[in-house]
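One structure is given below, represented as structure tokens, and several questions about it will come after.
The letters A, B, C, D and E name the chains in turn, as written, and every chain counts its residues from 1.
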Amino acid sequence: MLRLIVPGDKLDIDLTKNVSLGPGVYCDPRTQIIQPVNAGIENIQVGKRGQIVHIDYDSKRYVPAVGDFVVGIITGAFADSYRVSLASFSSPVSLSYMAFPNASKKNRPTLKIGDLVYARVCTAEKELEAEIECVDSTTGQSSGFGLLEGGMVMDVSLKFARNLLFDEKFPLLRLLSQHCKFEIAIGVNGKIWIKTEDTKDTLACYKSILDCAKHPVNEHASILKRNFKALLNAIE
Amino acid sequence: MAKDIEISTAEAQFIVGALKERYRLDGRSFDEFREVKIKFGNEYGDVMVEMGETKVHVRISCQVTQPYEDRPFEGLFLISTESTPMAGPQFENGTNTSGDEVLISRIIEKAIRRSGALDVEGLCIVAGSKCWAVRANVHFLNCDGGFIDASCIAVIAGLMHFKKPDITVHGEKVIVHPLDEREPVPLGILHIPICVTFSFFNPQDTEENIKGESNQEIAIIDATLKEELLRDGVLTVTLNKNREVVQVSKAGGLPMDALQLMECCHKAYSIIERITDQIINQIKEDYKEREKYKALLSSENARDAS
Amino acid sequence: MNYMEAETVEVQPITLQPEVLARISPELSFQRHLSLGFRPSLRGFEEFRDVELEKDSLSRYSTHSDNNVIGSSVVRSGDMFCITKITGGIIEDFEVNADDDFLTKALGENSKNDISRYASVHPVVEVERGRMGACTDEEMTVSQKLYDGVLHSRLIPKKSLAVNPGIRTTDENGEIRVIYPDEQSKEDNILTRDFQSNKKWSYVLYAKIQVFSRTGPVFDLCWNSLIYAIRSVKLPRAFIDERAVDLKMTVRTKGRSATIKETYDILCDPEMCSPLELNEENISFASNYGITDIDFEASLDVDEEDENMEVMEPKTVLIADIDTESEETSIKSIISIIGNERGNLKHVSVIGGGSKVTPDMIKRALLLSKERAKDLSTKI
Amino acid sequence: MSRLEIYSPEGLRLDGRRWNELRKFDASINTHAHLSDGSSYLEQGNNKIFTLVKGPREPSQRSQLDQSKATLNVTVNITRFSKFERSKASHKNERRTLEIQTSLVRTFEKNLMLQNYPRTVIDIEIHVLQQDGGLVGSLINGITLACIDAGIAMYDYISGVSVGLYDTVPLLDINSLEENAMSCATLGVVGKTEKLSLLLVEDKIPLDRLENVLAIGIAGAHRIRDLMDQELRRHAQKRIANSSKK
Amino acid sequence: MQVQTGYLNKVDGSSHYENKSVKVICSVTGPIEPKARQELPTQLALEVTVRPAIGVPTTREITLQDKIRGVISPIICRYKYPRQLCQITLQILESGEEETLFNVKELIGCINSTVFALIDAAIAINSIAVGVSMAVMGDGTFIVDPSNEQLKKSVSTHALVFQLVDGSKVVENVLLLDSFGNFDESTLFEVLEYGEKHALSLAKDFRKTIETKIKKDLFM
């Protein structure tokens, strides 16, 4: 059952049992009351370890959380780390020189200001500057993280980025692959990087993704068709 | 500006690269002006202009005041532009002394006020002692490029749409009639200036631009925010339907061939012709709509009275 | 590692002087005081500071002094004090339709309540901080609230501010005389009729309010001081010089010319003045109240002595006349009242940023405000 | 204002020039050698301007530090006594002054090789002692000269001039009387090319006449470039002569 | 009341609010990096800006900002975003009242539109605030959302904001009561009661608007 939650509402949870709080639910540090703080759809799962509660909602401003895959722009370089922006005007996060595969004191990464990186958030304390890493710390491998060369980047809403990254049933990527070959990196900070073999395809992908973000899933196929066709026609 | 929007090298290269292949991100051609949407509010002189995602609101108001001592026959006309973080977090509150914001307000000022688009002598009530002060408040709501063009359209459309209360003068005594008592009177508009902004990109290196003969520079009309952030130079021309250049501003930036600039001016003319007609027509329609409404109301009143 | 360093260190509880604690943790200091039954200022919960008023201690506009103060007050409340100086100006009425007779006719006799028939003062509040600088937000907000308050209490009718200028004439013998329309004889009537101006003037009142040694919220002090000062306003009579009336000026621009008449200045008479007519029943006084929860966990003596004492219910109390930094930062729910001793209210503002504001609390505050207004009104 | 004859039927202007003649152009560089790294003094007609270039030097504020290129600042000080009537208020924070400053920064940003001086700041100070029309053009010339004197790498000269349009006749290098009486355009031309770095038109000019105005402006600007070039070469010769003496 | 969320796309949250003759746009951006002087070590800093429809901002707008901040601060979970900034900008398009005399309608319009913009920006809030503007006329009648003429003829004007929780059906606190004019204790309590009733019914509209927004965002 879908239940609309507005901040201040009571959540349908059993407080005598364990509760894990997801996005949109907050425990007030003073009163210790668990309450919804965002408007959205209530989502409660009761598992073995207790209840997991979160609110489903969409937003634009990204707040770092551990484990998130993000696309960031290098905005500064310091003695031992880069400063990276995950969203314009947000507090910057840091990317240590040691957070790269095979990193050592001697072997420094060679990123430049303005470069795009794909990374994972490794610490995110709300009082401190968050940190990201370009290495899978369990394997020490790059695992697809690191510099994103060329291509194009676009900003979408956070919900859309999450759908694209996590929802296997979300058809957009599969549909895109029917039109052209592409490389893609999806950051849950709402930045999507895409690279194809030529400008025209990238442009079509760029427009299609942005259009699809504003329309329900069932219209995606026709949006793609239209955009790719329009660009093909423009050539002739 | 407080802080800038961050743009990655990859994105910048892609956008300029696409321009070289004559593509723009939003699929427009280089010479295509975005569709202008003009909406009027409930009051006279309340205009909202939208160009793509760019939104500008203008409110015209007036009050009786004293004229300047050295200009006893003229009313006052003031345009105030103030940006807020509403248009985008890159804008700062109140302090609009930064380069871009000064240029925006100066160009609007030159295009409309200095060019005498509003008949200020018509604002005089009693020479030397009473006159109308007309004020245009420009509110930047959403910035996706083209603030100058949109604001200029909004201000001039606002002035054309605005009506000031009717007055009766008995010697020194002035009676201002409320809007519901007497039909208000429109302002005197002497010409309709419209701004068109070109953004220039240099696809080659600087040397070629300055020394070379190739003139390969790219000029696009009505840039979006991203294009504005990446452009190398900008030109704003203001024209009216009388084929007069009201104002031209190319404050530095990428050096451009004089002939190419001339070409821009000619391109701009066809655009301003179209927009001028659009404004005139929309105001006509809005007035008609109001008339209808008013007629409806008065007939109802008449019925009530009987 | 050195053995000595590893030795255990005895942790001593730190004892802080009350004033030090008040700086470091105003909230804790506030709660400690409350749990003992009084406030950081050592006042009781519902105890007000005493207010002292000095009337007419500042000189005013007259032949003897060259200042232009037409009303003033000096008010002290606790450590804070406040000087209000009211100055006046005369402006030409541009509100062309705002004629009082016109309004009465247009709106009918019942329009006495109509807000456009009342005026306000233009206050500028300065809270002295011992340094120069731009206006703070507090100064601007207090100024605006004072303006709104005076306007909406309908204290000053526009009619009382209308200027009825006299004429200064010089007769054949060189004798200078000022004739006012309300005290003229028959022959003068003929004289002044010609000068009956088409223009309308009115007084505007400006108030400069300076607050010294700020210890807490300043609005109430400023309001009360302003009310005392308004009560003491005496408006000087104004006149026009006969010779100036004839003055005509020809202006020529761009080949056009026009004659501008009535460039005369209006002058004030330093000798004659009359008190500003107020709607006396609308004089009111301000007071404020905070609502806060007493947090017994913060008190010093619960843990040891009264172990068996039942857990105290959190208690909500009303604090009258907020003062001191610790109260100002700790109290988030505030009731501010402007009213008179008869329970007639002019302004009530409730901000419920913290503890719950209950009707009972508001009722209690209203009751206290009546007593306070009674006390303050006796000082005029 | 009395009716002045701006342009006589014989083709003479108020100060006796013909339509295509420049005003007296007197420039000298290295005038304030101890005060700055580069300086110039320029008299263009009755415009009297001196320009100081300080830098490239370390920025005083961290915010001015740019990793990739030098930061350029221009301050224009229009003195209160620069016009016939002394102005009551300072021109410092006027919008017009701010506009001129921004325009000048943007004009020279593209012409100076700022990428050669990363992490530094270049301050340009201009003092207008006297003004008589066509101010922005003169400011451009002053900066060009001073920057060359300071030895800052640049791509080419930029020369500025203003052109008025009297009915159908374009008048080159106008003074303030002419400026007030007609509409005019200010140009900043790059070297001997036809490229405009700066173009300002502030009053109505018929669209079909604009090309004409630009053409005469460009020609005039080229002439000014030559005059500046002459002065620079004269100054250089003098220096060479001085150094060879030793 | 008509509200459109997501009206502007360059900010994180926005709303276009229209109620009778009041029209306000609100934008919210945050949490973002504050300037050094704005930063608070333990909580979110709020920057509230109000721009009038006509003229330049004066002390009147500063006072509005102050009142809005007083209402909005307690409903935002400010300790969730230490050392961050939230910019709230309000542009009044139509005030619906004579600016020199009143500010009730604008104040309520600003507060209501801010609540929607905050929700749109997904800033954590612990409850919603619902505001009502009222006028008491000479004959003792109460008018909600009075017109300019009614305001001018009124005896007293009241701005009320309630903090609502639990399905937005329970009043948690009175966030603001701002009354001017000539009234007494019993009128004040009647106003409070009447306003509360109206706010609770208005809250239903609030929830409906929020529901449409959520459904649109999540394509449901």
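Going forward, a residue touches a chain if its C-beta (ideal position, glycine included) is under 8 Å from a C-beta of that chain, and two chains touch if they have at least 3 such contacts.
From a predicted model like this one, the values you see are computed outputs, not experimental measurements.
Participant: Return the chain whose centre of C-alpha atoms lies at maximal distance from the corresponding centre of subunit B.
Facilitator: When every chain centre is compared against subunit B, the largest gap points to C.
Participant: Please work out which of A-B and C-E is bridged by more C-beta pairs in contact, and write that pair.
Facilitator: Answer by contact count: C-E.
Participant: So the centre of each chain is just the mean of its C-alpha atoms; given that, what is the distance between subunit D and subunit E in Å?
Facilitator: 53
Participant: Rounded to a whole Å, what is the gap between the Cα centroids of subunit A and subunit B?
Facilitator: Once rounded, the distance between the two centres reads 38 Å.
Participant: Using mean CA coordinates as chain centres, what's the gap between subunit B and subunit C in Å?
Facilitator: 43
Participant: Would you kindly tell me how far, in whole Å, the mean C-alpha position of subunit E lies from that of subunit C?
Facilitator: The mean C-alpha positions of subunit C and subunit E differ by 27 Å.
Participant: Pull out every residue in subunit E that's touching 2 or more other chains.
Facilitator: Subunit E, residues with two or more chain partners: 29, 32-33, 163, 172.
Participant: Residues of subunit A touching 2+ other chains?
Facilitator: 89
Participant: Show the residues in subunit C shared as contacts by 2 or more other chains, in ascending order.
Facilitator: Residues: none.
Participant: Contact residues on subunit B for subunit E in the complex?
Facilitator: Residues in contact with subunit E: 2-3, 41-43, 46, 53, 55, 57, 59, 61, 80, 82, 84-89, 93-94, 135, 137, 139, 141-144, 225.
Participant: For the complex, give me every residue of subunit A touching subunit B.
Facilitator: Residues in contact with subunit B: 73, 75, 85, 88-89, 112, 114-116, 148-153, 193, 199-200, 202-203, 206-207, 230-231, 234.
Participant: Over in the complex, which subunit B residues touch subunit D? Could you list them?
Facilitator: 97, 99, 102-103, 105-106, 109-110, 114-115, 206-207, 209-211, 232-233, 235, 239, 243-259, 261-262, 265-266, 269
Participant: Looking at the complex, which residues from subunit E come into contact with subunit C?
Facilitator: Against subunit C, the touching part of subunit E is residues 59-60, 62-63, 65-66, 70-71, 73-74, 98, 101-103, 138, 151-157, 163, 172-185, 188-189, 192.
Participant: Considering the complex alone, what residue numbers of subunit E touch subunit A?
Facilitator: Answer in residue numbers: 12-13, 29-33, 75, 77, 79-84, 119, 121-122, 124-128, 163-168, 172, 206-207, 210-211, 213-214, 217-220.
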